[in-house]
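Here chain A shows up in two complexes: once beside chain B, once beside chain C.
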Partner chain A sequence: MAHPWISKLNEVDVLLRAGRYNDALSKLRSDPNLYNYVVQNMINALLNYPGGRIADLNGNVWSTRQLASMLQRGQWLPVHFNFLMSEIDILKRQLG
Partner chain B sequence: MLYLLPNKLGVEIPSTVMNHLAPMIDPNATILFGEEATTENAIKAIQELNPPYVFTTGHGIPCATTLIENEPFVSLQVPQMNARVCDKERNLSLFKGRVVHIHSCWCGKLLAPTLVQKYGAWAVFAHDDEFLFLLPKDGKTIDLPVAAPFLAEFTVDISMLSGSTAGEAQKAREHAYDRWIEYFYHGEGRNIEGASVVLRILIADKAISKLYGDPTATVTKKRPTPQAKLSLPLEVEGGGKGISPLLLAIPIVLAMFKG
Partner chain C sequence: MSLELMRRWVNSLPPAERNLPLLHVGNAFYTPLQALHEVERGTAIGEQLQQLVEEGRFGTDVTALAKARLTQVLEQSPYKIATLNRPVGDPKSIAKKVQQGDWDDPVVRALLAAEIKLAEYDLKLAKKFKGNESESMG
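This part shows the complex of A and B:
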């Protein structure tokens, strides 16, 4: 039997891929345990690379520390949603 | 084939990597690197060489891609999205009958499908969101975690240049991302510093890397896939500080496309 988080993760994933990022975040927040687990994993991954910097092809640059601390404060930049999509992918792999 | 490689304002790393890769995969590569990667030179090269395949990198928003110094290269007229870069249509028929790899953020959202549907591009590889990567910690050394997203992405070019169809190249691209993801997730790369972040970057980049147009498009006859082994680390070639005017467009873009 599939893990109970899987269906919610799939729903969030569909919203993310449709570009409906605010709806995806609302859906994720509707399960506080899942939200906290996912966000904490994102924070841990970013903090695992201290001094790291992430860029996009438009010349935007973010430090891993900056991105992690924003998540800790509940603040979401657009780039966080790219990482959220990845985190959901990883979690779905782990949960089977 | 033609490679347009500006090397300032955030695209130094992909241009450096492709500047080394292109001669390995394409003995007839024409490369406009750095200051040579102007719109005028690009148009001239396309008109004179008539290349079936064009690789271009630069800044991007849904309606445009740019070259050196953020010079608009190909744009739709959508001034409400960006009054400077999308003030008018530019060079939209330049890619008619060609296969193009637009390695810029966001162009898959609007520009790439429009080039295919309205302006006769045969196939376009593009990204429909921000393409992410790690910056070198020392500012200049392109090591494996920094290069990995580009090595995955540029599988498209290796594949097309070995005679694959665009559809096959897209599959090769996705497979390459999967292999790099596995390398940093469970493979030898899992203990490399930065693995946890580049793993997530690779998953995100894979999700936004799409093919538009005819999956049967080809640009050369079938030939053995060229050996393209980059010797890492590389040193970043080029650079230059400055704030992109396109950054001003980001909130507008996000309002339109991010919920």
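This part shows the complex of A and C:
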């Protein structure tokens, strides 16, 4: 039997790929355990990201440490959704 | 391009180039090392980055890419920049002009053009590895 998080992760993934970031975030937040787990994984990924910096299309260069600390405070920027997509891919694979 | 060839491509780049933005997917620019990291993690973003490298594309227009690269270069540069007929400029004030899109400044234009050339060179190196892969398969 598939893990109960899988179907929700698939729904979030579809919304992300459609560029509907707010809807994806609302869907993820509707399960606080899943949200906390995913965000914790994102924070770990950000803190260990090669180079420690990432640039966006608006010309901003963010430190990944700064992005991690924003996530801890519940602040989301467009660049965070790239990390969310990757964490969802990995989590879906882990949960089978 | 296999993961191994991707690794060989990244290792073939000058060290300073490995940590500069090169490829754009979604909302972010990725450096070659970050692209390799995503490919190693087996993410969909990694697949898209690998495809860009294979196709020799940046995933965005070159001016946006050059702007992202130059911002990072200037933020880390301890050197002032001078030209024959202009006063010496410090990297932070030039970075500000880059951020504001002041393309009229000849120094900014020259630096952006240099970044575009370097980025194109980085991607051309990947073609070399991809060419070798096709030969060995054929």
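Rule of thumb we're sticking to: the second predicted complex is superposed on the first by the 89 of 96 C-alpha atoms of A that agree within 3 Å, B and C clash if a C-alpha of one lies under 4 Å from a C-alpha of the other, contacts with A are read in each partner's own complex, and residues count from 1 in each chain.
Assume a contact is a pair of C-beta atoms (placed from the backbone, for glycine too) under 8 Å apart; a residue touches a chain by one contact, two chains touch by 3 or more.
Keep in mind it's a predicted model, so treat the numbers as computed, not measured.
Asker: Which partner chains sit in contact with A:3 here, chain B, chain C, both or neither? Use first/second/both/neither.
Answerer: Neither partner.
Asker: Determine, for the superposed model, which of the two partners chain B and chain C contacts more residues of chain A.
Answerer: Counted on chain A, the partner with more touching residues turns out to be B.
Asker: With the two complexes superposed on chain A, say which partner A:89 touches: chain B (first), chain C (second), both, or neither.
Answerer: After superposition on chain A, A:89 lies in contact with both partners, chain B and chain C.
Asker: Once the shared chain is lined up, is A:20 touching chain B (first), chain C (second), both, or neither of them?
Answerer: first
Asker: Could you tell me if A:46 is touching chain B, chain C, both of them or neither one (first, second, both, neither)?
Answerer: A:46 contacts chain B only, not chain C.
Asker: Looking at A:81 after the superposition, I want to know if it touches chain B, chain C, both of them or none. Which is it: first, second, both, neither?
Answerer: Both: A:81 reaches chain B and chain C.
Asker: Enumerate the residues of chain A that count as touching chain B in its complex and touching chain C in the other.
Answerer: Looking at chain A, the two contact sets intersect at 49, 51, 53-57, 59, 61, 78-79, 81-82, 85-86, 89-90.
Asker: Under the stated contact criterion, what part of chain A meets chain B in this complex?
Answerer: Chain A residues touching chain B: 17, 19-24, 42, 44-46, 48-49, 51-61, 64, 78-79, 81-83, 85-87, 89-90.
Asker: Under the definition above, what is the set of chain B residues touching chain A in their complex?
Answerer: The touching residues are 9-11, 14, 57-61, 103-105, 129-135, 137, 185, 193-194, 196-197, 199-201, 203-204, 207-208, 243-244, 246-247, 250, 254, 257-259.
Asker: Which residues of chain C touch chain A once you look at their complex with the stated criterion?
Answerer: The contact residues of chain C facing chain A are 19, 21, 24-31, 33-34, 36-38, 41-46, 60, 64, 67-68, 71-72, 75, 98-99.
Asker: Where on chain A does chain C make contact in their complex?
Answerer: Chain A residues touching chain C: 49-51, 53-57, 59, 61, 78-79, 81-82, 85-86, 89-90, 93.
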